[in-house]
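Sending over a structure as structure tokens; questions will come in a sec.
Chain IDs A, B, C, D, E, F, G and H follow the sequence of writing; residue 1 opens each chain.
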Amino acid sequence: MELIVYLAGEIHSNWRQEIKEKAQALQLPVKFVGPMENHERSDHIGEEILGTQPNAIFKDEAASKINNLRTTVLMQKADLVIALFGEKYKQWNTAMDASTAVALNKPLILIRPEALHHPLKELSNKANVTVETVNQALKVLSYIFEEENK
Amino acid sequence: MELIVYLAGEIHSNWRQEIKEKAQALQLPVKFVGPMENHERSDHIGEEILGTQPNAIFKDEAASKINNLRTTVLMQKADLVIALFGEKYKQWNTAMDASTAVALNKPLILIRPEALHHPLKELSNKANVTVETVNQALKVLSYIFEEENK
Amino acid sequence: MELIVYLAGEIHSNWRQEIKEKAQALQLPVKFVGPMENHERSDHIGEEILGTQPNAIFKDEAASKINNLRTTVLMQKADLVIALFGEKYKQWNTAMDASTAVALNKPLILIRPEALHHPLKELSNKANVTVETVNQALKVLSYIFEEENK
Amino acid sequence: MELIVYLAGEIHSNWRQEIKEKAQALQLPVKFVGPMENHERSDHIGEEILGTQPNAIFKDEAASKINNLRTTVLMQKADLVIALFGEKYKQWNTAMDASTAVALNKPLILIRPEALHHPLKELSNKANVTVETVNQALKVLSYIFEEENK
Amino acid sequence: MELIVYLAGEIHSNWRQEIKEKAQALQLPVKFVGPMENHERSDHIGEEILGTQPNAIFKDEAASKINNLRTTVLMQKADLVIALFGEKYKQWNTAMDASTAVALNKPLILIRPEALHHPLKELSNKANVTVETVNQALKVLSYIFEEENK
Amino acid sequence: MELIVYLAGEIHSNWRQEIKEKAQALQLPVKFVGPMENHERSDHIGEEILGTQPNAIFKDEAASKINNLRTTVLMQKADLVIALFGEKYKQWNTAMDASTAVALNKPLILIRPEALHHPLKELSNKANVTVETVNQALKVLSYIFEEENK
Amino acid sequence: MELIVYLAGEIHSNWRQEIKEKAQALQLPVKFVGPMENHERSDHIGEEILGTQPNAIFKDEAASKINNLRTTVLMQKADLVIALFGEKYKQWNTAMDASTAVALNKPLILIRPEALHHPLKELSNKANVTVETVNQALKVLSYIFEEENK
Amino acid sequence: MELIVYLAGEIHSNWRQEIKEKAQALQLPVKFVGPMENHERSDHIGEEILGTQPNAIFKDEAASKINNLRTTVLMQKADLVIALFGEKYKQWNTAMDASTAVALNKPLILIRPEALHHPLKELSNKANVTVETVNQALKVLSYIFEEENK
């Protein structure tokens, strides 16, 4: 029984690579999906496919349509969502994806630095588990598959 | 992870063939489904299976029952819907299938010639992405599968 | 027990006024809702609220956002939808609203001239009842409230 | 037919008061609900009801449980959500409430300063309408109730 | 808090009248709804509204469309369904309405003569409670409203 | 893409065998499921597993629990339901399974002899397609898989 | 805007009376519903309506059918559930009602003595808020209605 | 067609091992999932991953978050739930998992000693089938797969 896990959150560090490698090392039967991680490509995909837009706002709108389509298709396939907040940026997409997971009854693991506990307190409470490191999230993921009597 | 894509819309051009071939060339893990594309067969299927009907309206009703059964079964399996409007005909089935997709929370890519932007403005706004060519739709579809770190 | 009825469809004739007056004459406990009927206002509402847009397509998109918001709020409140197709225009919004009703499990009465039976056959089959006149639709609506033993 | 409107977003300005007064002046049949607006009370409600907690994180968790209960009860009653982003703060609760509304198929009006268009582009695309001022949001709300033939 | 109760089942005896009078005598806050009880009218409503049909089957189809519309609208409003099977007739509509209630998670009270226990065993098992008399059904209904401490 | 088809209805003739063989001959990618077809076993399964019951009614109740469990598990897996009514018996289980399919939005093909058109008119109207022979049902099923351009 | 609150849990103390009186004193717009509080009546209701049963197990089954019908109807109307565990008894009905509330996305306040924290830890984690006294639950309920600017 | 079966209930006896071995002996196409069966590990998993907690209640809360995540992911994959109550302990998790299954429309087999019939009567009535031994549950499970004409 394979699980599909959506990895929401920042695309400026290589945390997805870390989690994929560790899951593979543990031979967890997991398929990871997520948003476009190439930040440049994510910002320009609207104009690339739909052509030049009148201004920056319309360029953003064009890109967001295609990013949201991708995200929606993949999250609907997911059995579980892991969302990571970093120290920097607004990260409203992370909050959006994490909240969407909760509203769709998809279990959520939230990774955030302790320093962000106050502004994230309501979202953290909605998550199933909140941890501080990728490694802790992996341990939670791994725990789902542990069996006494195989 | 294979996606099932329902191709709604006109059955007078070979756009489905085009999209299937291009997806195959890109090795996208996609299974395409859709309505009966043989227009003659689609119109006569009711009388073929249920026998001669009293008049043209009842013949239409008989055919539509079987066409709708097919469409419903296949769209319920779909992860994504692509709907194409051409320049001609009423195309109310296309509007019906596209709207059904949206109401069932299935992501929708709308293909329509720019000339139709005004009468399709509300449906276009409900779609996730609206494009003008089959090629653009394929680029959006392909974007779902792009990965930085495989 | 009052029912809320959404009146989808053309905004070029006064059929909503007719149905409202007849329902009132029969003292049916019905509250009617529907789209903006002033066609001019419907087309310009985007620019009126959001400001001038770069071109006709963006103007349409701005208007459609606000029209769709209205339609969505009101249709979600409806217990029943009546959708009328006229002889003219593309009427894709009517097809969209009628199909949305069906997908949301809201009972649908379709009004269409007999001449349109062929292009509307699949949508007609999805409707609960298809009639040709506003008066027939009213009789169906009235039938819901008939009681032998009050 | 009264609508219930949930007002999500910042609790540092008096925008809710402004929207309530204007809606009342227009005699819109609307009941507004929303989160606890007293920021102090919102932060301390956990310890007030559940007693002193071991540290700041647990204090936050206690408060968030009660704030989320309130928000969940009230948003489930809402027909429409209006979410306002200001210039300051992380505002992840606003993103959370707005995304929850979208996932629950509740129509969403997003108010945000133009300067925030880039980080909010995906959430803005998921909203039904994005505006920049409270007054614009009110115009959208008012448009829902406009009728040609009362 | 008023409950809406749909009374499904045979329209050849006056059991609905009996249950309404007894509920009124007990001042239960209940609004009863149900199918058209005039059997003649129910059979002819299709041709009355839609005009003469080609044959008996099409006449039946026309009538059933309008009867199903009524039933669907009213059952969707119901908080509880009571379905009565009598000794005679096929009564497939009663089985249909009772099963629909169960599938829609609407609590179901089944009334059937003991003699029918074998052919109705699976449906009886799906009902919340199965009784043999209208009076027993009324006692179950009344039990919902009993309070120790008003 | 394999479809799962639930075959509801009478267990006194060998119609399921017929449909399975024909589907296999046509190489349709279909997996058929359905109720226990051994009538004796179906009636006694309750006492076999749960032990002797106090009387015939309780014996029926015990059997129906286990039959309903089987039916519920298998129908929830189905993409499509085919329900067959024969000339004899009450067949309320068939009506129950067919209605459950409709309420769960599972497409339904109804097979019934023409002689039963009147008592089955409302259920027939709720079905997607009503036919008179197993062979017609198979043609409808086969139509779902027809493709012009493989 | 009135809320309906279901009070699940023990029927051996008068905690419901306490919460109703305090809510009334605070003029909270709340309607309370719940299970049959008369323990004797709850145990005998099956035989009272359905007649003498073969043994104690069947007597229990008869009673539980009617109690579950009541509970299901009333909980489906509820906006919020408060569930109280006492020191004694198995209280599996309380666990059942509380878990049902969570699975139906109905917000849950759990009241339990601190001594029960270990066996109730998973249910407590699923609740929105866990408190130890009726008074604390009332404060949480009251918090939902607090407004800064009425 | 493989079914996924969630085994809820006590983790102090080896009943899961028994059911797995018997199902394997019968070659039933079933994949079993369930909670962490190592009681020690289940109690300490919170502190193991999240670090030392302030006191026993917070330790329980930390553990329950991770246990609930596991349970939720796995039960959402399940086609059927089997829940076993033993003679000892509060077993509120068993009641919670069984009730959750019912509320999610997942068929439920309840195993309980006859002695517990009174406190479990309402939950037993909500289950599809209640049995007293693991062996009986296995017979019910096996019955789902029996076929006359393979």
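FYI, a contact is a pair of C-beta atoms (placed from the backbone, for glycine too) under 8 Å apart; a residue touches a chain by one contact, two chains touch by 3 or more.
Note that the structure is predicted; figures quoted are calculated from it, not measured.
More C-beta pairs touch across one of E-F and E-G than the other; that pair is E-F. Here the repeat of A-B among E-F, A-D or E-G is E-G, since over half of its contact pairs match by residue number. Here the spacing of subunit C and subunit H, counted between their Cα centres, is 49 Å. Mean C-alpha position of subunit G lies 24 Å from that of subunit H. Distance between subunit B and subunit H, defined via averaged C-alpha coordinates, is recorded as 43 Å. One simple way to say how far apart two chains are is to compare their mean CA positions; for subunit B and subunit E this gives 40 Å.
Residue numbers of subunit G whose C-beta contacts span two or more other chains: 65, 68. Remark: subunit D residues 54-55, 58 touch subunit H in the complex.
The residues of subunit D lying in touch with subunit C in their complex are 1, 3, 79-80, 105, 107, 109, 128-129, 131, 136, 139-140, 143-144, 146-149.
Only residues 56-57, 60-61, 63-65, 67-68, 71, 89-93, 95-100, 102-104, 114, 116-126 of subunit A touch subunit D when the two sit together in their complex.
For subunit H in complex with subunit A, the residues that touch the partner chain are 4, 14, 16-17, 20, 31, 33, 36-38, 41, 45, 48-50, 65-66, 68-70, 72-74, 76-77.
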